[in-house]
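Down below are the structures I want you to see.
The following pair of complexes shares a single chain, subunit A, combined with subunit B in the former and subunit C in the latter.
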Partner chain A sequence: MKYIMVIDDSPTIRVSVEFTIKNLGYPIQQAENGNDALKKIADIKGKGDDIAMCICDVNMPEMDGITFIKEFRKIDKFAPVLVLTTESENDKIKAGKDAGASGWLIKPFKAEQLMSIVEKFIR
Partner chain B sequence: MIDNAVRDVFLEESKELLDTLDSDIVRLETSPDQDVMNRVFRSVHTLKGGSGIAGYDQVYEFTHGLENLLDLVRKGETQINAAMITLLLRSLDWIRQAVAAADGEECDIAVKEALQRDINACIGEVSAVKAGGTHDEKPRIIVPGKTDAHGNRYYHIRCAFNEDIFLRGIDPLMIMEDLRRLGTFIQRKINKKDVPNFDSLDPEKCYFSWEVVLKTEHTIEKVYEVFLFVHDDNDIVIRDITENYDPDSADARIAEKRIGEILLGKGVITENELNDVLNEQDQKNAKLGDLVVSKGYATEKDVEHALVDQEKIKKKIETGTVRVDTAKLDNLLNLLGEIVIGQSAISRLADDMSEEQSFMLKNALYGMERTTREFQEQLMSIRMIPIGPSFEQFRRFVRDVSHSLNKEIYLEIEGQDTELDKTVIERISDPLKHMIRNAIDHGIESPETRAGAGKPKSGKITLRAYHQEGNVFIEVSDDGGGIDRKEVRAKAEALGLVKHGEEIADAKLLQFLFLPGFSTTSQVGELSGRGVGMDVVKNNIESLRGSVEIETREKIGTTFRVKLPLTLAIIEGMLIRVGKSIFILPMLSIVESIRPRKEDVQTVEKKGELIRVRGEYAPLVRLYEIFGIESEHHNPWESLVVIVESAGVRLGIMIDELVGQQQIVIKSLDTAITNSRSVSGAAILGNGQVALILDVHGLLSEIMS
Partner chain C sequence: MYVIYPGEYFATRADCVLGTVTGSCVCVCLYDEVKRIGGMGHFIVPGMIGTEGIIADEIAKQGITSMEYLIGEIVKLGGDRRFLKAKIFGAGYLKMINVEMGGIINSNIRFLNEYFALERIQVVREDLGGNFRRKVYFVPITGVAYRRLQKRNEDSSEFIRLEQEYIDRVFKNKERYGKVYIFE
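Moving on to the complex of A and B:
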């Protein structure tokens, strides 16, 4: 089984992302920040399951999104990571991509847009 | 996205955030602390995100300005003071009130605007600009380009991805597939020059770049969307070449010699730009490629790619071609087969040597085997020719037939570069012709009917060829009314092929159309509909070891999809043993193998032996009787029976053992050796033994007669 990770400190974002993509048929796991996500991903992988993709915020307490992506890439080289953030500065985007982000979507997002991007990545 | 569940979560979250913010901001007044400052910024940032999603547009807009102010403070660009603290606290109050008012619209706009003025004053001029837009998208020139007569646009797209694109979780194939969804690739070129030797190949890197010409009805914007996440930091160039695109001479144009013309042909530069550069070249005596780059008409990469093309063309011109009799190629293939046999003989000799010698000899052989295999592939590729010319000859045919039926039909051809074995191309022509005739006669409706159904008056037939999974697919599609399943079913019931009310799979039902004498057309036309033909089509295709299936959708059209092997010279075969002899059955015709029970075998007068498989009877063949050889078993229930199928008819073949599956190079047999219809050729196995290849269709007709 492959999970989609939704990583954001805001429960509003987490719930709305889950709400948007729940019909894709993938189990969804929420995490509050990078640290929390890495723990949950380790659990998932430990059970022999895998990660289909991650959708993550940048500004989060404990571990921010960029650090998370760097850490995540150490354990999963190829799973897509979509950054969902209000950050639109080019430097930030570049840092994210250098860390291994696959895509960068600026909040607030349109449901159809998010859906079509996620579908494209996990196809 | 204004879903109640999301809104409820936001209400709760914002309450917590605002409470934390209250105490944090108060704390900032007494002791400015960077950690607290960061937390304040993050909380407002989170509030902004949440409000945007939950549909509180006013709050979203407001927090955006607030966030900008806090960002400046956080970065130390401005100092926090008492007035600012008051402003922040008042802002929190307004947010609280606005969130509480169930609808963001009901909040006090006047207060908000006053606060925003104050916030903007704090931010000063620098950030006033920032507060405007959140997206800094690349500026693009968006002019809806022209289209050709059929509403199509042509784009030349070059994508050179960064080597480490896989490590960003992006698969270039995903992008190419997205692109293909927009239209058709008229030209495709994969640039493999950056692929290193196998030894230094890193499987986690992407070494390919692509150049395609996409034919689509979409605008360039839509095409850009496909590259959403990659066009910033990968080398992606999209050019609209609709105006210069001439489908008939596109290939010819690339084949011209001069670099300027190559660039023009690819749509990189315009005719005016070329003339401009040519004039200058006369005066300055500089290289055209350099001039084009210095003038900014093209990038260095463009010129580099054009040079590669030029090199290729030169080579083509220098080497030229030689016409060769295909029999010579067959001979080469046969000789190569002999080498393979020699190799396995040597390999067997090596077994008798000392361990050291055997090891060294086998190592040397291994290298030789690899070369032989490559040799074989190269040899096969010589026999392959593009299907384009064969497709083109149907243009006239479509025109003539459609005129005689008073229909307007446009033939579209795709994948003319697809290569397949020359013999296959020659032998597929007739079946294709038949399918096209069928599509014109039965598939496409009369212009009046089409107009009534809201379709364009002229119909379209598409001939399409492509490679997939080691096979070639050829499709004949029409945009007609589709095949009426009810009619097919009624006819099948009338013929007793299917019982009334019996469930039957769609694909199986449509396969009835290929049975002799099966036609649903009530009116017999001059061209088709006499129930003769489709069975012949299927037989022809099966004799090429291919298969055909139908896909049809009511009111949308029908597609006949023919699947063919890449070549006739090699087949995937199953080795079977009877006594000491080995025979080969084409994998394609094998359905299953079983060990029958005694009561499943029956002898019927004048019809020979029958075997019951899954409720149906099939004739049983004893190979040892046909070929006059020894067999280990003489009772079917003690041996294995392989069930094979040809043209919808099944046959059971008694064997002693299934030996294994293998790629077989077919050697044709002279009629002097065998005129038996049961054998289609022979092959030499690794140990030098000769094995006959059984022709299932021939076996069937032999035992029927």
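Moving on to the complex of A and C:
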């Protein structure tokens, strides 16, 4: 089984993203920061399952999104990572790309816009 | 004192005062008591929110994003969303508004209630509605807020003009969404 990880310290964003992509048929796992996500990903992989893709925020306590992507790339080089954030500065976007992100979507997002990116990444 | 104009947000860990005047817009003051970091945002959700609630509503996403900008700044300064408390002001039904705008102001009040419930952020002071403008002062590191009702429009004529310009701008651009960058 392949999971979509939704990583954001905002419960509203996590629930809103899950609501938007729930019909894709993938199980969704929520995490509230990078540390929490890495623990849950280790559990998923430990059970023989895998990650279809990650959708993550940038500014989070404990472990931010850019650090998470760097750590995630050490254990998974291929699963796409979409950054979903209010950050729009070129330096931040470049840092995300250099860390191994696959895409960067600036909030607010339109439901169809997020769906089409996620479908493109997982298929 | 830092003045927060309509559409702006600002967070700081400095011992200072943030101030604004709000009419139909909402003024959200957030503070992390543990880390002594806080901030203020002044915005409006530009439309009516549907019956499915804010997580399924495209217009509500504009309000969620306004909140994300403010909370993001607090988190960047070292604050933690889990420790935040809120004081919220504004959403006044001013005399010149029409029925549609009255519905939008109701939606803004509903947005705040749903948003803070979902975020599990405690609202320690809620001063919304009524038919007057409010002048709000906020000390971000302590969370102390002062609110004064504006009896005369002349007292804040500059804010009235700026708030109306901001409202016109966000209503015109309410279908605007963020850019996408694909790296592979």
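Operating definition for what follows: the second predicted complex is superposed on the first by the 123 of 123 C-alpha atoms of A that agree within 3 Å, B and C clash if a C-alpha of one lies under 4 Å from a C-alpha of the other, contacts with A are read in each partner's own complex, and residues count from 1 in each chain.
Everything below uses one rule, namely that a residue touches a chain if its C-beta (ideal position, glycine included) is under 8 Å from a C-beta of that chain, and two chains touch if they have at least 3 such contacts.
This one's a predicted model, so the numbers in the text were calculated from it and none came from an experiment.
Visitor: Tell me which partner A:Pro108 touches in the superposition: subunit B (first), subunit C (second), both or neither.
Guide: A:Pro108 sits against subunit B and subunit C alike.
Visitor: Between subunit B (first) and subunit C (second), which does A:Phe78 come into contact with in this model arrangement: first, second, both, or neither?
Guide: The first partner, subunit B, only.
Visitor: Of the two partners subunit B and subunit C, indicate the one touching more residues belonging to subunit A.
Guide: Of the two chains, more subunit A residues are contacted by B.
Visitor: Given the touch rule stated above, what does A:Ser10 touch, subunit B (first), subunit C (second), both, or neither?
Guide: both
Visitor: Output check: A:Met53 vs subunit B and subunit C. Expected answer is one of first, second, both, neither. What do you get?
Guide: First partner only.
Visitor: Using the superposition on chain A described above, determine whether A:Ser88 touches subunit B (first), subunit C (second), both, or neither.
Guide: Once the two structures are laid over each other on A, A:Ser88 reaches both partners.
Visitor: Of all the subunit A residues, which ones make contact with subunit B and with subunit C?
Guide: 9-13, 15-16, 19, 59-61, 80, 86, 88, 93, 97, 101-104, 106-111, 117, 120
Visitor: Going by the contact rule at the top, pick out the subunit A residues touching subunit C in the complex.
Guide: Going through subunit A, the ones touching subunit C are 9-13, 15-16, 19, 59-61, 80, 86-88, 93, 97, 101-111, 113, 117, 120.
Visitor: Give the list of subunit B residues in touch with subunit A in this complex.
Guide: 1, 3, 5-6, 9-10, 12-14, 39, 41-42, 45-46, 48-50, 52-54, 60, 67, 134-136, 166-170, 174, 177-178, 204, 228-229, 232-233
Visitor: So in the complex, the part of subunit C that touches subunit A is made up of which residues?
Guide: 54-56, 58, 61-62, 64-65, 67-69, 71-72, 75-76, 80-82, 115, 118-120, 177-184
Visitor: How about subunit A: which of its residues touch subunit B in the complex?
Guide: 8-13, 15-16, 19-20, 53, 57, 59-61, 73, 77-81, 85-86, 88, 90, 93-94, 97, 100-104, 106-111, 117, 120-121, 123
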